[in-house]
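Following are the structures in question.
In what follows, chain A forms one complex with chain B and a second complex with chain C.
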Partner chain A sequence: MASQPTSRPEAILPPRSEVGVIGWLHANLFSSLLNSVLTLVSGALLLLGLWFGLKWIFFAADWTVISELGGRFLLGRYNTEAACDGQNCFWRPQAALIMVSVLLGAAWGLRSNQVARTIAWLVAGVSAAFAFLPYSLETMGLDVRILLLLNLPAVPLGWALARYTPLGTGTRITILGVAIFFITLILMRGLPGLPFLQPVSVVYWGGLSLNLILAVGGITLSLPIGISLALGRRSNLPVVKVLCIFFIEVFRGVPLITLLFMSQTLVPLAFPEDMPQNSLFRAAVVITLFSSAYMAENIRGGLQALHPGQAEAARALGLPGWQTTLLISLPQAIRNVIPAIVGQFIGLFKDTSLVYIIGMLDVVAIGRSFIQSNPEFLPSARELFVFLAAVFWIFTYGMSYVSGKVEDYLGVGIR
Partner chain B sequence: MVSAPRILTYQGIPVWRHVQIIQWAVQIMSGIVVVALVVWFFSNMVGAIQDRDIPSGFSFLSREYQTPIGEHFLPYDSSDTFLYALMVGITNTAIVAVAGVFLATALGIFIGVSRLSTNWIVSKLAMVYIEFFRNVPLLVQLFFWFYIVLELPGIRESVVVADAFYLSNRGFSMPWPTPTDYTVALIWLGLAAIAIVAGALVYRRQARMEEQTGRSGYPLIYSFATAIVIGAITWLVLSFATGNSPFDISVPEPQGRFGNIVGGFTARAGLMVLLTGLVMYTASFIAEIVRAGIQSVGRGQTEAARALGLSPMNTLRNVTFPQALRVIIPPLISQFLNLTKNSSLGGAVAYSDLTNIAVTMTQTAPAVSIFMLIMASYLAMSLTWSLIGNIYNRRIRFVGG
Partner chain C sequence: MAVEETTTDQGVEDIIVCRDVHKWYGNFHALKGVSTTVKPGEVVVILGPSGSGKSTLIRTINHLEQHQRGDIIVDGIELSGDIRNIDAIRREVGMVFQSFNLFPHLSVLQNITLAPTKVRHWSKSQAEEVAMELLTRVGIPEQSAKFPAELSGGQQQRVAIARALAMQPKIMLFDEPTSALDPEMIKEVLDVMRELASTGMTMLTVTHEIGFAREVADRVIMMDEGNIVEEAEPNEFFTNPRNERAQLFLSQIL
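So, the complex of A and B:
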């Protein structure tokens, strides 16, 4: 039986100015005279900014330019008569989107993870919400709306696939993801000979989907290429080392815009004339290689920061060189530079907007060309670019948020 | 029953498992593959150039360019040569790069330090700035500023401050020193350089005195005073000797029916937009670098400085920041490089930077040669930044233990 202490010395409570709301205010806003002045000035600025910003967003701004552009933001000129002669191509990107929802659902099912679930439902939910946009049925048909709504059941379908079928292993889901990427490309591009998959030239690809395709392809490939380049640069084989250094420094020394432009004027000359040429493919390769060069330097930084004792211990335990690298050095190096790697992914996503230089109409270029060809919307340019900034921000901030979660999961900085 | 003893003789590692042989084979093979690829590309290119009659070589450099350049800081005329036009482009890029680097560093340090402020509002405001500008593509930001500048009042209704600063949708004008006589101006600039060197020497002397004796030597005040006094005296002497001062302040002034602004220095709309966009964008990255650098300095350093009675400002300036610089400088230099390369987006907002001029040139000149020249130019600029960074880095490197 635990005995209650009958008497204890009177505990002195902390002064009221140190605890609770007042304590917080005192510690964070009014700890000194200078701090108080700073608080008042910046607070006033903040309130002014909020007041004018919100007033502009809700009352002054004219957002019709966004609704006017509508689907073109997402697909560019893909779903037009010129792109898809005598046929409806709208279902092809929609089907790709549904597959992505299935994949996200499967990723959630694989690791019943809070973040994965949120992302899956967010993507599907936003896509489904587009089905209720207040456009007339002529501009946005019922078929489009139904396909968009199908994203909602797609998530549980993917979840169930991962849970109750043999598909539910990490490797298989990854293979599924790669397969879905290529199926998306084939769906968008079309296959000659198939009546319902009429080829659509890449010049009609555009909008946010173009940015996303370039970013997803670039991100998946730039990491392995970057790792190989980093290992090559650190290897003790002089020829390999020199080649890697040359590649990295050339790609890092020149602006991406210049490289993209070069890919359109010079690269075609370097291949035989009768080889099939695709400007978008060349641009994607250039963006990927450019990003790989930066990635290589990030990973090299991680490898250099690693204590040599790790590799030495692995060798002492009898692991051969390649296993030491793959199982000991690389995982630790990559874990330590996750922020830099994700920063590079974000940079790559932002850089996809540079394809305007080769005449592709990505989400930024399509907005800009719309403003230029419709001068009556010139005063709405501000609204348009604020909207575009918000769209990019959601994706890039989401990426850095997920990276933070991954770091927590891997215990970076803790163990 | 004793079987004949087996004699083990060492026969050496088989060739296919000999590490050095494998390594050399890999190297020779990769070398051969790369050389073969390069030869193949090159022969294809030469073939294409011959078949399609594409011009090549560098003889175009001495031809007249005959294309106007929107904004140029060197005097330029359409009858100037390609080579000179490229020089104009390099100057344009260099000016944006240098001005942008200075402004972005100042803004970035300010925001990075604000991010670490103990004041909650200030720190959160800095965070919002960083998270916003870092995560939105530069191109979107540039277009945003482009249309903001377009909506500024026209040149005749310019916003005027103190009759000397003019802001309109054509650009921003401000007073600027202009040399009255080039020889005098050059002589004075030379003397001013000597004054700065003298100031630096005084700084070093006073600082050493302070270190050795512990008495305040006021190195900053003394060195500035020395430099300013020498500069002023030479200015006065030159003015009296030649009859006019080395530099005049030229104030911008609207002239004529269209209100065109004459005199002073005018940053035209393109430069203004590009500089604003680049500075705001790069500052957000620099702020993060500064924050990480300051946080990398051990807490004990700050605590010890505070315990010794240094004010928070003094702690930051004399204890934390100098140590943080070692961590800050290398990534900062790579941000300078990024800013220089990002200035190639100038073409999107009507600023004639090097890339923009070069891309226009490819219409009338061989693309291969032009790209070689651009790559060399950007490489030279990158190397310059790296060199400056390395020299500075060596000076502030951790010495001793």
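So, the complex of A and C:
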């Protein structure tokens, strides 16, 4: 910890050149002749890049391809005639989005978490802003716009639920989150027999919502599975240990693309032909298991970095082995490998795009197929992919930002 | 206070019995048939050069190290491979380590209340009350909300002692508790240990603090190369060691 300035007479302020704007500039940018030259040259290059970049974004680029892509960017072919059998299914993903807004609001209300507040208002605000997109009312109906606007009151609703109802505990909000995930899946997939929930085959799912569903499912499951595998690999039981090593090495050693192909071609052979096949489910399982194998090794690294005295002290206090692992080893191990875990989450999110190889139209694939089927937009491919890159970056940076806040909260690197 | 062991009668049953204890690390013979007994309330200091098996001996008593031959009986329970026996013994035996081994992700108070709530199933408020009493006893009640990394070494070791005492053990093992401390902090830890000894706690202490051994110990055990080479009252041991190895050791450290 930094020592506080004391009232003793010999404690004086640091030299002026070390503090303030001038001090910072001097220390970091102009500390020597060589550094001054480097500062000027790299500054000039930076400005040049910025100039051309901004000029392209605001004047040269033609962004109509994005507005033409419209809702397909978020939902793929979900709300088409073929998918929904003539019904309007658009309200279903939108209801799911509103539930997510409620959940984020609840996370904010739980402990007045400022990060959750920022994210909740960001998600709800962007969703509501979509309601004012300058499409015609035929393209984007009033009902759609109203449902989008409902995200705004959803946030304070969630906040109030967490504040003033028995729902407001961490465990219950977590359960609510899991429930919302499954309700979302049911809403999207539909239920046979319910006229207003016409089944929509998963082959019509697509766009960013597909990436998000795969990523959320994968992230929430790959952490506990990875932890179990890591513990299994360190187990004293030889069979458990060998099985975990086998699983980890197989899933880590084969490319994800290969695993995805195998999931579509080999796995169905193992089941009776008349069993309902769900390619999305198989893809989700493969992505989750693939990520779990990496996660296991991240966690194992964290466990190995712990001083053996930690577990010894816990055992000496009479804590049984499983409590020692759960209360002493794992919390410390996970804290220490948060950067690696978040790296794995980000990797998983980006890898969800690979489902295009089994014919699913994720957000990248939907963009590509749009350009291929509308050749007049071929010159706009650049704009499209810049936009997609920005979308991916926003989500991955969001994860980095949250993990940074979690590290601050836990005091990682400080204590 | 938590511990009510006050009798030091010669007639009482031994609380620790070691009979012909052997321990190997691979092919290295670390304990070569150690036999000794400890009575309730006795304060035993174990001395000896490094590598003589002092730490290994006290670590076998709560089964942090497994002995491969011989018998160890603690508070009437025989240490076997049975995990229930081991956990039962560990509940009655507190341990303080050279490197403190506080849990860095928990506050001082949580460090102390963890085992009583999880193992003894005390309520949180009861455990916290006992924890605050113990922190007052070791002299740092104001540090309860801090995290271990925010404390000095001496304070950390005092928290570690409080953490072990919170389980209300019958026996306390100290494995070089002051060896990682700056000289000015050694005293504050030894003061706590002195006070603890005066309450009648059974204590086994591996230490190089000769002053502490002289003043507090009921008995000194000198170990060398995996054997006990001399066992005597401190006065006798320090003024008139019979064993040649003990004489050499004392001439080097005094």
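Everything that follows uses one rule, which is that the second predicted complex is superposed on the first by the 392 of 415 C-alpha atoms of A that agree within 3 Å, B and C clash if a C-alpha of one lies under 4 Å from a C-alpha of the other, contacts with A are read in each partner's own complex, and residues count from 1 in each chain.
One rule holds for everything that comes next: a residue touches a chain if its C-beta (ideal position, glycine included) is under 8 Å from a C-beta of that chain, and two chains touch if they have at least 3 such contacts.
All values reported here derive from a predicted model rather than from experimental measurement.
Asks: In the superposed arrangement, which partner chain does A:Gly193 touch: chain B (first), chain C (second), both, or neither?
Replies: A:Gly193 sits against neither chain B nor chain C.
Asks: After superposing on the shared chain, does chain C or chain B touch more chain A residues?
Replies: Touching more residues of chain A than the other partner does is B.
Asks: After superposition on the shared chain, which partner residues are touched by A:Leu46: those of chain B (first), chain C (second), both, or neither?
Replies: In the superposed model, A:Leu46 contacts chain B only, not chain C.
Asks: Looking at A:Gln332, would you say it contacts chain B, chain C, both, or neither? Reply first, second, both or neither.
Replies: Second partner only, chain C.
Asks: According to the stated criteria, A:Leu38 is in contact with first (chain B), second (chain C), both, or neither; which is it?
Replies: first
Asks: In the overlay, answer first, second, both or neither for which of chain B and chain C A:Pro166 touches.
Replies: neither
Asks: Considering only touches as defined above, state whether A:Pro255 meets chain B (first), chain C (second), both or neither.
Replies: first
Asks: Return the residues of chain A at which the contacts from chain B and from chain C coincide.
Replies: In chain A, no position sits in both the chain B and chain C interfaces.
Asks: What part of chain A is in contact with chain B in the complex they form?
Replies: The touching residues are 27-29, 31, 35, 38-39, 42-43, 45-46, 237-240, 243, 250, 252-258, 261-262, 265-266, 269-273, 346, 350-351, 353-354, 356-357, 364, 368, 371, 378-379, 381-382, 385-386, 388-389, 392-393, 396-397, 400.
Asks: If we count contacts the way the header does, which residues on chain B are in touch with chain A in the complex?
Replies: Chain B residues touching chain A: 23, 26-28, 30-31, 34, 41-42, 44-45, 48-49, 51, 54, 117-122, 125, 131-132, 135-141, 143-144, 147-148, 150-151, 341-342, 344-345, 347-348, 355, 358-359, 362, 367-368, 371, 374-375, 378-379, 382.
Asks: Provide the residue numbers of chain C that touch chain A in the complex, in ascending order.
Replies: Going through chain C, the ones touching chain A are 62, 64, 87, 90-91, 93-95, 97, 99, 101-105, 114-115, 118-119, 147-150, 160, 163-164, 167.
Asks: Would you pull the chain A residues touching chain C in the complex into a rising list?
Replies: Per the touch definition, chain A meets chain C at residues 1, 307, 309-310, 312-320, 323, 327-328, 331-332, 335, 410-411, 414-415.
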